[in-house]
Amino acid sequence: MDRKQLEQILEDVKAGQLDTHAAVEKLRHLPYEPLGFACLDHHRQIRCGFPEVIYCPGKTPEHTARIFETLAKKGSNIIATRAERSFYDQVQSATALSLRYEPAARMIILEQAPLQTTTGYIAIVTAGTADLPVAAEAEWTARMLGQQVKTICDVGVAGLHRLFEHVPTLQQATVVIVIAGMEGALASVVGGLVDCPVIAVPTSVGYGASFDGLAALLAMLNSCASGVTVVNIDNGFGAAYSASLINMKIEKARGT
Amino acid sequence: MDRKQLEQILEDVKAGQLDTHAAVEKLRHLPYEPLGFACLDHHRQIRCGFPEVIYCPGKTPEHTARIFETLAKKGSNIIATRAERSFYDQVQSATALSLRYEPAARMIILEQAPLQTTTGYIAIVTAGTADLPVAAEAEWTARMLGQQVKTICDVGVAGLHRLFEHVPTLQQATVVIVIAGMEGALASVVGGLVDCPVIAVPTSVGYGASFDGLAALLAMLNSCASGVTVVNIDNGFGAAYSASLINMKIEKARGT
Amino acid sequence: MDRKQLEQILEDVKAGQLDTHAAVEKLRHLPYEPLGFACLDHHRQIRCGFPEVIYCPGKTPEHTARIFETLAKKGSNIIATRAERSFYDQVQSATALSLRYEPAARMIILEQAPLQTTTGYIAIVTAGTADLPVAAEAEWTARMLGQQVKTICDVGVAGLHRLFEHVPTLQQATVVIVIAGMEGALASVVGGLVDCPVIAVPTSVGYGASFDGLAALLAMLNSCASGVTVVNIDNGFGAAYSASLINMKIEKARGT
Amino acid sequence: MDRKQLEQILEDVKAGQLDTHAAVEKLRHLPYEPLGFACLDHHRQIRCGFPEVIYCPGKTPEHTARIFETLAKKGSNIIATRAERSFYDQVQSATALSLRYEPAARMIILEQAPLQTTTGYIAIVTAGTADLPVAAEAEWTARMLGQQVKTICDVGVAGLHRLFEHVPTLQQATVVIVIAGMEGALASVVGGLVDCPVIAVPTSVGYGASFDGLAALLAMLNSCASGVTVVNIDNGFGAAYSASLINMKIEKARGT
Amino acid sequence: MDRKQLEQILEDVKAGQLDTHAAVEKLRHLPYEPLGFACLDHHRQIRCGFPEVIYCPGKTPEHTARIFETLAKKGSNIIATRAERSFYDQVQSATALSLRYEPAARMIILEQAPLQTTTGYIAIVTAGTADLPVAAEAEWTARMLGQQVKTICDVGVAGLHRLFEHVPTLQQATVVIVIAGMEGALASVVGGLVDCPVIAVPTSVGYGASFDGLAALLAMLNSCASGVTVVNIDNGFGAAYSASLINMKIEKARGT
Amino acid sequence: MDRKQLEQILEDVKAGQLDTHAAVEKLRHLPYEPLGFACLDHHRQIRCGFPEVIYCPGKTPEHTARIFETLAKKGSNIIATRAERSFYDQVQSATALSLRYEPAARMIILEQAPLQTTTGYIAIVTAGTADLPVAAEAEWTARMLGQQVKTICDVGVAGLHRLFEHVPTLQQATVVIVIAGMEGALASVVGGLVDCPVIAVPTSVGYGASFDGLAALLAMLNSCASGVTVVNIDNGFGAAYSASLINMKIEKARGT
Amino acid sequence: MDRKQLEQILEDVKAGQLDTHAAVEKLRHLPYEPLGFACLDHHRQIRCGFPEVIYCPGKTPEHTARIFETLAKKGSNIIATRAERSFYDQVQSATALSLRYEPAARMIILEQAPLQTTTGYIAIVTAGTADLPVAAEAEWTARMLGQQVKTICDVGVAGLHRLFEHVPTLQQATVVIVIAGMEGALASVVGGLVDCPVIAVPTSVGYGASFDGLAALLAMLNSCASGVTVVNIDNGFGAAYSASLINMKIEKARGT
Amino acid sequence: MDRKQLEQILEDVKAGQLDTHAAVEKLRHLPYEPLGFACLDHHRQIRCGFPEVIYCPGKTPEHTARIFETLAKKGSNIIATRAERSFYDQVQSATALSLRYEPAARMIILEQAPLQTTTGYIAIVTAGTADLPVAAEAEWTARMLGQQVKTICDVGVAGLHRLFEHVPTLQQATVVIVIAGMEGALASVVGGLVDCPVIAVPTSVGYGASFDGLAALLAMLNSCASGVTVVNIDNGFGAAYSASLINMKIEKARGT
């Protein structure tokens, strides 16, 4: 939209050929649409029915409580990630809102709207028991984003038979999240078994030459199976968010 | 399925209570279903209408020609990635098949089945002109996988106005692939503008402290925008493959 | 095995030409044999007389106690690695099993079957006193796996005379495990003195440019002595496990 | 050798009490006693009206108190960076000077001269709330160096509309300091919006593949926007110091 | 600006209380002002009198020639960086424009507007002869951006006397660019001698543990001298661009 | 000093021609002339029936030819690794010995003694066709060391069914060498399927974040399967050498 | 085997009580009992008048006390490095020896022989106050090794005038130890000022991109000044040990 | 400012033509014109009888020829390092000086003064034949610096007996230079055998996880033997220069 188009709209308003409401709508869709942008963050939430998200590290409990209260006014659900229990306790003390703590996921939850549940589901697979905190973060994120989730634990590649029992569950998912530390090989093996997108989460599980998750991260980025994308180390939230965006698109296309 | 279930199936066959065909189907769905596995690679292709894929590095032209010929017998399309033109010339000399070379994408293509085109589209966005080879690989991969593609070039974050003209195109895509080298900031900016999944491809474009794409890779893995997943440096093929899996799922859900 | 072979087996069962039991056996040996896989982990333990192994990090004491109890029912020995004493105390409090703690090795042990001892032995050599915890993990792992072990401590390359006293012990071993931090040179020196396989364990002993064991790891991977393989930093367990597999193969070949 | 000694030598030459040759020899040793150099550190402070600066890590509280007292005699202001509150408490206990603590900036301040304020201003922009400690260090450093400062918080690139409200403030600054962790993309976006120098400060905010700020550091060094220079991770002080040098040069050129 | 403000503007237009031109101007200054952004890149060039810049790597000679021709129509000067001579030859063959090649700087220059020269100058200092190509890129960039430049070569810290001859030149500069490979110590030494901003350029000069400039980069980021900021390895252009932005601000403030 | 010299000293002492003190002085210098050590390198070869080995990089063809001739006098077989064909041509031109070149393995071979073949065998498994040169080096090394070898190619984890056909071959081997680039997951999968020692060879196959084999190396060092040890990137020779030492020990224990 | 045993063997041969063949066999095992080697560690100490050295990390206080007592019997001085005060307290409680603690150097000292002092001296130079612990370790090590030491503190390159006062002291030293963190530039500057060997000690002083001393380490390895060698990060002991070896050689050559 | 100018100032003061205050001002600018410093580089050469040194990379042959000619006028010897033969040919073509090329050392030499030879010697030890170019650079550097040198080749730690033959030569040296790639263990072994200073040179010999010499560099920095210092990868020149400084100090102390 260039200056001429803008002047034309205004001339039309002036001439009474375009009413104010229609003009506002036209202006709202300027490619660089400032009004739209101004609300975009909220739009995404609203369009997808997603909750607001607070990332706790670096915030004080008091500050976090205030953010909860501000966002709560819109009536949507709210999740806060990477919160230790003691942090949660301090936030809860600082607000009259009724917050809930999911210890395995290290998340604070304010649930004031009913949760949706999709017909398609996201499968979450973990290699070992030490990966469970990341899996819990992914699972609770996806649930709070209205997704159906099926979680399969402790099926590392050193014992493929444990994984094979769950292949049908994996093959019927709309997205699979694979969570693994150490050598991260599970992403490639699962990637070869399914024909839906796979999101791989390297974890910092391991020691020595795992270099806090670097080994798994590099392995997953180099997966020989097509269809695997990767998020940051221990980023269960991010994997679940992307998986939920995919699943929502499919849900909407289904017209359910 | 345990031994007892297996014995029961066989007893039923023996007793004539289950015909051979039904028994084969039951056995085919053993969780660890060997028969199914044996064809799985092809199934993925068949179910999605995807072509066969050959990764050229480390193969001789003669070997590549033979693989083309073997796969060609099934009648499906075939793409071979990471092929220099001289490599293509040698492959073409070694076979009677009529191969095509896409120079920007460095791909060899055998097109013997009509290409599908989805109703939803994948948007591919690049930061700079030096990222074009990776974009071409992504674009041709997606096209050969039957996807509709819209490509937007040279919209790096140092001049946001160039990007903003294309926001509507981005916001209506089903998946966005962001391709950027240097500091890879485009992935985060685009991630904040759309509410569909974003797949980020770091490229080796840059010098010095870009460390052959490491800077962009790390930046993308740490994106502050939710909904961004990442593939290997310069992996245009992988991004397109994942995007196509997502788009196909949506296409099918649409029932189109 | 293709569909035809499977149909033939079923037809033979139907026709009474193959009894159920034989058919099950045939199906069990499908190359991808799911039933067999399901027990594979245990088979390895059973065939080698090895104990079950629990890796503690990331598990709660209660969870660990439950795993001990479940595995204990098979009557085999059990070891749990990387357990601090306080962790052991909590596990012991949570179970009626009589567990033992090896503090130097940081291992919890349940010994309910008599330990085997091989005729051939594994030699474990350490460079410095700070490497002893890794050596203890290796030693107790090997012992619990039924191996005879001879440990030689504090023979770093800066004083070769200390090493030389022990050359005969090294040369008569079936496998040698070399444990060293800092520059990890001991692996190369020992590798040049013996003609059996050497397994090198880099340790995180050192400071500054040892980068938590990276220096020793790289040095060992680049050993100029042939016959040296390497495990992860501080992975005394892994070295002992591999060494035990080798020693068991030799023991069996001896027919002892 | 101070000025008096030099004058004495010259007076002796003049008075004929020292011959030229002996004087040359005496002066030949000047390079190691350079009059000009000996005051250079202070000159910079004096010429720019900058305070003295103490970097606390590695110093004892007592030592720090003594340095404060020595520097305080010149009457200039003094700032001490990277001081925890408990450290401040110990320093204050050890001196009769009246020190002040800025907790967000982790700085100890002795303000005994009136603060200057420039007409031009430095804009400080941060991506997220977790970057605030670094921003506070930058802000208080610049203020104590006599600069006018405008700080804009929490305008990460995932929500560009938040940044856009502040574009006029950014475009009228004489220098912009951009502070961001994670993928550090804000530096490039801001760099494309303004035509003054931009100083980027990567922060250690992030986790996993942020590698304690490495991701943001590399991203900023590879910024596709011209006019961006970079300081060390979390170095709010350094960015403010450089920005102040620039702003002072402009202030002086203005003749204000 | 919220919806109400926008409606009010439109109502005023409709009511004839605001003419179209004034309304356009109001809308132009929406904080997210798309129209203004659309020309921003050019504005920077125009406001500072800076030439257009083309970064050659990844572009074909033909493409580069077309970009030159398009930009040339505005009448401004144009520089293209990182161009080998053979690349220049191909670009020149593909256009009727009269281009010039600066071999030391590896730059292609189209000079169609008279060059400005500032009263203040940028000092460029290099540590060794091998750093000269980076210095040439910085020098020619600055000159084409209308800056006065003084270059001092081969004054590495291993022979401080060579540097000391030039201290007055350094101390009277408005900005100093320090270019050094190997250990990059020159940046700290110069930083301690001057009281203007210093921009440090690490170069890939060195071998072994210089890791292609990493050693110098890290050293410069950790400079113990305040007032030093850093650009990417070998980025002479970027240092000159930032230095020119600073110098232009001072020049304007001077009112010259 | 050889045995004869030692006997002479003792005879001289016995005969009174050398007093004790002088003899002690002579013998004191023994440590630097150790009888046992002096032949150790050859002993290893002789005891195991292994050939002599020459590592070519850094040697001239002429020098290599001379080494071949010197070693050939003992009558044993000789292999030279990492030799390009042109290098082989030059070596062959420089000697009258009848050398053979194995192009896939890049090895020069002098076979003048009959090759042994063990009853137990080493299984070599590769993930992709690009890993074949490393596999060939491993295979020819093992063969020249007298080992029976079975090689299984192109069984990457993205298509497990291809691997599963070969599980019996793997399970009956005495040692398995796993060769894989990219994410190196094959080592963990194979490690979980067999109960013999596994030696993993990461290869430099891959691009981008494979960092020339680093991804596979780290993955293999972090394998979740017990019993996996690792050699340097692309070190097919080293893996085969270690595997041969293991297999020889077993062969001898068998008494075959 | 000590000298007496060797003499006995020879006496027995001489006396005819041991035949030559048996003696050869006894002596053949000498390489592993080398007389010269067996005392080498002690010889170095004795020849140079150096004390015994204990490296504390990884040792228990009790173990350390026992080592002190064993070594103390020889009457030489003993130093133990990297000991925290609490560790010292525990060691002192566990022994009747009268140990001394040097807190700045974190060393435990047993001084039972008079200290030597060389005529030539080692100069130790540090860049900042945070480097003092490393300097103290170097200083006390050198003193306990009998060296004359002159220490110059806090002369970082950002204020060269502070360094220049001490140039004569540096130029008359026999060796200079330069201790610096951050960018480590002091090593190059000092290296250019003196014509004796310089030993550089990078320290872990710094933050962010100093990566715990890596920046200083790389800088020092790349020093543009000839005559600089480097030890591990924070290795004040190692630098002092090497410097002492050099100074002792010179002292002996002087014939003092 | 040279000596004459200084004398003139003093004469003017003496003659009353310049008052003290004006003279002080003139002299205040001395620090940047230090008489003593101005000759320091040459002093080092002159005091030690060392030749001038030219580092070739980054210089053109013509430039190098001019530097040779300028330095040649002083009559001293000159060496130029890191010169390929073709570079030498071009330099020789560009000058009438009679230069010599040492191919193994890649050095150009102008020998116009008689070479000194010290009584004490530097021992140079290399691990493998591939390390010879670095050894040659070290050897020729030391010789041209007037040192006696003894070189021992191909004594890697995998065959200690080869090293042991040379222990007396090592133990009588005044300094030992150890040159090794791969795992660099030779430095630690030699460091334990001698009681003189050891200078370790890591080389880029190796492949894969040697990372172009990083493995050897880290190993040497972490040497468990005291008395080892390290130079940059492949820096044979630097090691020889430091060793020569040490040897010269000893030579002078000897009074020979």
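Residue numbering begins at 1 within each chain, and the chains themselves are lettered A, B, C, D, E, F, G and H in the order written.
Keep in mind that, in the parts below, contacts are C-beta pairs under 8 Å (C-beta built on N, C-alpha and C of every residue); 3 or more make two chains touch, one makes a residue touch a chain.
None of the values given here were measured: they were computed from a predicted structure.
Visitor: Note down the smallest number of touching-chain steps it takes to go from chain A to chain G.
Guide: The distance in steps between these two chains is 2.
Visitor: Counting C-beta pairs in contact, which chain pair has more, A-E or C-H?
Guide: C-H
Visitor: Could you tell me which chain lies farthest from chain G when each chain's centre is the average position of its Cα atoms?
Guide: B
Visitor: Centroid from C-alpha atoms only, then distance chain D to chain G, rounded to Å. What do you get?
Guide: Distance between chain centres: 39 Å.
Visitor: For chain A, give me the residues that contact two or more of the other chains.
Guide: As it turns out, chain A has residues touching two or more other chains at 31-34, 37-38, 40-41, 128, 159-161, 164, 192-193, 208-210, 214, 217, 221-222, 226, 232-233.
Visitor: Could you run through all the chain pairs that touch each other?
Guide: Result of the pairwise touch check is A-B, A-C, A-D, A-E, A-F, B-C, B-D, B-E, B-F, C-F, C-G, C-H, D-E, D-G, D-H, E-G, E-H, F-G, F-H, G-H.
Visitor: State the interface residues of chain A toward chain E in the complex, per the touch definition above.
Guide: Listed in rising order, the residues are 1-3, 6-7, 10-11, 13-14, 16, 20, 23-24, 27, 30-35, 37-38.
Visitor: Please name which positions on chain C make contact with chain F in the complex.
Guide: Checking each residue of chain C against chain F gives 31-33, 40-41, 43-44, 47-48, 53, 120, 174, 192-193, 195-199, 217, 221-222, 226-233, 237-239, 241-242, 245-246, 249-251, 253-254.
Visitor: Can you list the residues on chain G that touch chain D in the complex?
Guide: Residue list for chain G touching chain D: 128-132, 159-161, 164-168, 205, 207-210.
Visitor: Would you tell me which residues of chain D are touching chain B in their complex?
Guide: Touching chain B: residues 127-128, 156-160, 182-185, 187-189, 191-193, 206, 208-211, 214-216, 218-226 of chain D.
Visitor: Considering only the defined contacts, which chain A positions touch chain D in the complex?
Guide: Within the complex, chain A touches chain D at residues 34, 37-41, 55, 57-59, 63, 202, 204, 212-214, 217, 232-235.
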